[in-house]
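Each chain gets a letter, A, B and C, in the order it is written, and its residues are counted from 1.
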Amino acid sequence: MTSAAIFLTLVLLAFIAFVTVRQRSLASVSGDTSKLHSLPRHYGYYAAVCALIPGLLIFFVWVITGKNIIEGLVISGLPDGLSAQYQEQASLVLNRIRLAVENPASSEKHPDILAAAQQFHALYVRGIWATFVLAVASGVGGLVFANYKTNPDFRARNSFERVLTILLILSSVIAIITTVGIVASLLFESLRFFQQVSVVDFVFGLHWSPQTALRADQVASAGAFGAVPLFTGTLLISLLAMMVAGPIGLMSAVYLTQYASARTRKIAKPVLEVLAGVPTVVYGFFAALTVAPFFRDLGEAIGVEIASESALAAGFVMGIMIIPFVSSLSDDAITAVPKSLKDGSLALGATRSETITNVILPAALPGIVGAFLLAISRAVGETMIVVMAAGMQPNLTANPFEAVTTVTVQIVALLTGDQEFDSAKTLSAFALGLALFLSTMVLNVFALRIVRKYREVYD
Amino acid sequence: MLDMSTKVDPMTEIRTPKMAAKDVNVFYGDNHAVKGISLDLYRDEVTALIGPSGCGKSTFLRCLNRMNDTVATCRVEGNITLDGDDIYDPKIDVVQLRARVGMVFQKPNPFPKSIYDNIAYGPRIHGLARERADLDEIVATSLEKAGLWNEVKDRLDSPGTALSGGQQQRLCIARAIAVNPEVILMDEPCSALDPIATAKVEALIDELKGRYAIIIVTHSMQQAARISQKTAFFHMGDLVEHGDTTQIFTAPKEERTRDYITGRFG
Amino acid sequence: MSNTRDFEPTDWKSPEMQARTRKRYRRDRTFRAMGFSAVILAGLFLVLLIGRIFQDGAMGFMQTSIDLDVTFSEELLGDPRAMDAEAFEEQVRQANMSRLLDAALTAQFPEVTSRRDRRALIRIISGGAREQLRNMVLETPAIVGTTKTVRLLAADDIDQLRKGKIDANEPEANRKVKDQELGWYNKLVEEDRVSLNFHTRFFTSGDSRDPELAGIWGATVGSAITLVVTLLIAFPVGVLTAIYLEEFAPQNRLTDIIEININNLAAVPSIVFGLLGLAVFLGVMHLPRSAPLVGGLTLALMTLPTIIIAARASIKAVPPSIRDAARGLGASPMQVVFHHVVPLAMPGILTGTIIGMAQALGETAPLLMIGMVAFIVDIPGGFTDAATALPVQIFLWADSPERAFVEKTSAAIMVLLTFLIAMNGLAIWLRQKFERQW
C-alpha cells in the first residue's frame, strides 16, 4: 500500500459516485430531465465531491503528520539508554533509524536501532492501512449520502457551486499560507538558532566562521556567527550592480522612450527581454568563466591586485542581469509622465535633453526611485551569480577588488552538502534567510508604495 | 513699428505680416489634415481660428511653432514665414523659433516645480538673464503682465500645481511671456476653465493684444467674437473663410460659415 | 493697457546667442549619444554572453574518438557457442575488459613495454570504453574470437587536445597532456585513427565524473518531472485564485491582505522559497530529499504569483458585457465564469502560465536548498526518485575542475536556452494569435 494508491482509489471512488448518482437522478424522473431541479451531471458532480473531499482530508492529514507521529511513538518507545542519548543527539539517532527503515540492508548494527526501525516499519504499515480504510470508508459514506439526497427537488447545482466557492477561497488562501509558511519556518528555525547564539552577536558581530564541532564530544571551536561581513558583502555587490544597472538601465529607458524611433524600440525591447530571461545560473557561469578572469588580468595589466573571485566581477554581472529590470520599470515611470508637460517644455524652446533632465525626470523621480529600490531588492536576493562568482571569505571590506561573501552565498554553503538539522551551523542559514526576507520585504513594500502614490498623482 | 501700424487705417495700408502661411498642407500618415491653407497673421491683432472638431485648426496652429515635429507620422508641406524667414528652412533653429513663437495649451500644464521656477525655466535655458536679479525681474514682470503677480507674489516658492485651474493657465501664459516671444499661440486656452477664470484669461488676452501677435484656437464663437479682430473659419481641413471678425459673424460670405455660426452644425 | 514694463527685444541673431544655442544642441546630442550607448551596451552584453556560451558550447556537442583494433579474446570472454547464454553473460559481466583494451593498445604501440607507461597509455582511452566493449559483446556474442576496429571514446584530455583547447606548443610542465601522450596521440592521428564526431551520448546519458561520459538526459528528465508537478499545482491553484479575486471576492480586509500578499510574494527572493521547502516539505512533512516532487512543490509556490497576476489581468480584460449577456440567459455566477469568462481569458492565462513555467525551468537556488544538487547518475523515473534539474546540472558542471566540463556546461546552457526560447516563443505566439481587442 502506498500513498499514491490511496489517492488513486479515492479518485476512482469519486468517478464511481459521479456515474451512479447521475444515473440515479435520471432514473428518479425516468429520463425526463425537465423534472429535475438541476442537470443530471450536477447531481453527479455533487456526489463526486461528497465522495472525494472527506477522504482527501484524511489522506492529507496522514501525509503531513503520519511520519511525525510514528517517529514520536518510536522515540518514546526506545530503551532508556538510547533515550538518554536521544536527549543530546536527537537527529543522529533519528537519522540512523530512518536510514535503517529506508535501507534494510544497510550497515546498521545497533540492535536497539534495528528494533526501532522494525517498529517504525510496522507502525507505518498499520498507519497507512488505517488511512486507506478510513479514507475509503468516508468516500463510500459520501457516496451513500449523495445517493440518499438525490431526488428531483434537491438543488444539486447550488450545493455543488457552494463547494466550488469554498474551493476558490481555499485556493486564494494558499498565497497567504505560503507567506505564513515562510515567516513561520524562518522564525521557528531562527529562534532555535538564537537560543544558541545571541541576536546581538549575530546582527553586530564582525566575525563569521560557522564551523562548529561535528560531534558533541569534540572540543572544537564553537563557531562565530557575526553576520556583519555578510551584510556588507551583500551591500557592496548590490551597490556595484546598481552602479552598472542604474545608469545603463535608466539611460536606455530615456533613449527608448524619448529619442528612439518605433523601429529601434521594436528591436531593443526584445533584446532587453532576452537579457531578463536568461537564467541566473548562466550569468553566474559567465561571471566565473569570463568576467572574473578578465578583471583579474585587467588589474594585473594596470598594476592593481584584483582577486579572481572579486566583488567587482560578481557585482558587474549582476548589474547586467538587472539592467532590463531597471530599464522596464523606469520606462513605465517615464511614460506615465503626461505628454502635456513635455509639450509645455518643448514649446518654450527647450531642447529634448533640457526637457528630459529638467521636466520629465524630476516628474518621474518617484517612479524611478521605486524602480531602483525594487532592483536593489532583486540584487540583494540574487543567489546563483554570487554563489558562482563571489567568494566564500567573509571579508569586512569596501574594496571591490577583494573577494567578499554574501548572505545568499552563505545560505547555500550552509545548507548544501551534509548537514544536521539541529546544529547552529544549519540553523544560522535560516537566521540569514530571515534577515534576507525581511530586508527585501521592506524594500518591496516601500518601493511599491512609492510607485503607487506616484501613479495616483498622474492618473 | 507697433506705433505706426496702429495709426494707419488697416484697410488701406499694406502691412508686413508677422507670420504668413502659404499653401500649407499637413498629413498625419495618410490623413490629409490641413489642405492648402494660406493665412497672414499680424502683430497687432488677435486672430481666432474657429471650426468644428477635427477641422484642422489645432493642427495648423501647431505648425506655426513646429510642435508637429514631435509627432513622428506628421508631414508638413508649404511655406510658413516668421518675419519673412521660412520656419521650415533647415537652417532655422527650432529652439529659437519656439522661444519667439510661444504656446499655451488647452489644459494648463504647469511643471511640478515652484511658481518661480515655472516662470524662470524658459529664461534660464535660453540664458536671458545674466544674474539672479535679472531673473527675479523677468519673473516679476511676466507675472505682472499675466495679471497674476498680486495673487502669487507672497508664495513664489509654492508649487505651480497647487494653484487653481484659472491661475495655472495664467501661470502658463506668464511662462510663455517670460521668454519674450513675438507671437503667442493659444490652443483652446479656456476650454478647461470655469466661466470666471475664462473671463480673466480673456481680459488678459485683450491686454496682451498689440504687444504680441496672438493666434487663438477656440470652440466658442462668442469667445472669438469677444476677443479677436480677425477670424478664420476652418472646415474639414479647408480654410473656408477669413476676414474681420465682425464681418465673419455678421455677414459671412460662404454658406458653410453661415451654417456653422448659426449653429446648423459643429 | 497695463503699465507693466516691456522687455527689450531678444536679439536671437547675436553671436553670443547663436553660440549658446549651438552649445545647447551639442549638449542634446551628447545626451542622446549617452542614451544610445546605454542601449548598445546592453545589447553588447547580451551578444558577449551568448557569443561566449556558443563559442564554448558548440564543441560540447562533439567528442573525440579513437579507432582501435580490438580482438575479442575467447579466452577472456568464453565461447558463446560452447556455454549456455546465462553463463556466458555472467562471464562477460565479470570479465576485466581492460585486458582487451590493453591488448589492443599493445598491438597499436608495441614499443610501449614498461608497466608504468602502459598504464599511462590506457588512460588516453575513456574509462567508459570498457562498458562500451562489454555492451558490444552482450549484444552480438558472435563477435567473440574476431578482431574488429572499434571507435572508442577518447579520454577528456585527449579530447581537449584534439579540439585545440590544450596547446601542444606550450612547455610540458604547463600542459595536462605530457610529451609521451602527445607522441602517442600524434601517431594515432598519423594513422587516421582519431576522429571528432557528434556526441549523441551527451543527450542520452546521466551525469558522470568523466566529462566525456556525462550527459544531460538525467537532468532534462528531472526538470521535466519537476515542471509537471509545478504545473499540476500552480496552474489550478493560480487560476482558481485569480477567478476568486476577480469575480467573487468581496471588497474586504481579507481580500486586501491576499492581494498585498501576492504582490509581495512575487518579489520574495527565490532562495527563501527554497528555505521554505527545506523546512516544511522536508522538515515537517518528511518528503524525500532530492525528489522532483519537492522541487516541483517549491517551484509551484514560487511561480504562483506570476500565474495569478497574469490570469487576473486576462480575466479582467474580458468585457462585462459578456458576463451580462450570460447572466441575462439565466446562468448562475459559477456558470458565467466557467462557461464564458474563463474560456475567453484562457489564452492570456496560458501565456502567463508558460512564462511562469519558463521562470521555474531556469531557477536554481531553491532546488539547491532541497537537495536536488546531488551527483545523480541514474535517469529519474518517478516523482520521488532522486533527481537533479538542468540549471542545477549546469551549476554542478560549472563547479567541476576538469577543463572539458567548460564546454559541456556551455552546451548544457545552450540546451536550456533552447527550451526557454521555445517556451517564450510559444507564449508570444499564443498572445499574438489570440490577442483580442474588446
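One rule holds in what follows: a contact is a pair of C-beta atoms (placed from the backbone, for glycine too) under 8 Å apart; a residue touches a chain by one contact, two chains touch by 3 or more.
This structure is a prediction, so every number in the text was calculated from the model and none was measured.
Novice: Please state whether A-C or A-B has more C-beta contact pairs across its interface.
Specialist: Between the two chain pairs, A-C has more contacting C-beta pairs.
Novice: Among the chains here, which has the CA centroid at the largest distance from chain B's centroid?
Specialist: Chain C.
Novice: How many angstrom between the C-alpha centroids of chain C and chain B?
Specialist: Here chain B and chain C have centroids separated by 62 Å.
Novice: Which integer distance in Å separates the CA centroid of chain A from that of chain C?
Specialist: Whole-Å distance between the two chain centres: 20.
Novice: Could you give the separation in Å between the centres of chain A and chain B, each centre being the mean of its C-alpha atoms?
Specialist: About 59 Å, centre to centre.
Novice: Could you check chain C for residues that touch two or more other chains and list them?
Specialist: 24-25
Novice: Could you pull out the residues of chain A that touch at least 2 other chains?
Specialist: Correct list: 351, 354.
Novice: Among all residues of chain B, which ones touch two or more of the remaining chains?
Specialist: Residue numbers touching two or more other chains: 95-96, 99, 125-126, 179.
Novice: Note which residues of chain A are touching chain B in the complex, please.
Specialist: Residues of chain A touching chain B: 261-262, 338, 340-351, 354, 358-359, 362-363.
Novice: What does chain A use to touch chain C in their complex?
Specialist: 63-64, 67-68, 157-158, 161, 164-165, 167-169, 171-176, 178-179, 181-182, 185-186, 188-189, 247-252, 254-256, 258-260, 264, 268, 271-272, 274-275, 277-286, 288-290, 320, 323-324, 327, 351-354, 356-357, 374, 377-378, 380-384, 387-388, 408, 411-412, 415-416, 421, 429-430, 433, 436-437, 440-441, 444-445, 448
Novice: Which residues of chain B touch chain A once you look at their complex with the stated criterion?
Specialist: Chain B residues touching chain A: 65, 67, 70, 72, 94-99, 102-103, 105, 107, 109-113, 121-122, 125-126, 172, 175-176, 179.
Novice: Applying the document's contact rule, which stretches of chain B touch chain C when the two form their complex?
Specialist: Answer in residue numbers: 93, 95-96, 99-100, 125-128, 138, 141, 144-145, 147, 179-180, 182, 207, 210-211.
Novice: Going by the contact rule at the top, pick out the chain C residues touching chain A in the complex.
Specialist: 24-25, 27-28, 30-32, 34-39, 41-43, 45-46, 48-49, 52-53, 56, 236-237, 240-241, 243-245, 248-249, 257-258, 261-265, 267-273, 275-276, 278-280, 283-286, 301, 304-305, 308, 332-334, 358, 361-365, 368-369, 371, 373, 391-392, 394-395, 398-399, 406, 409-410, 413, 416-417, 420, 424
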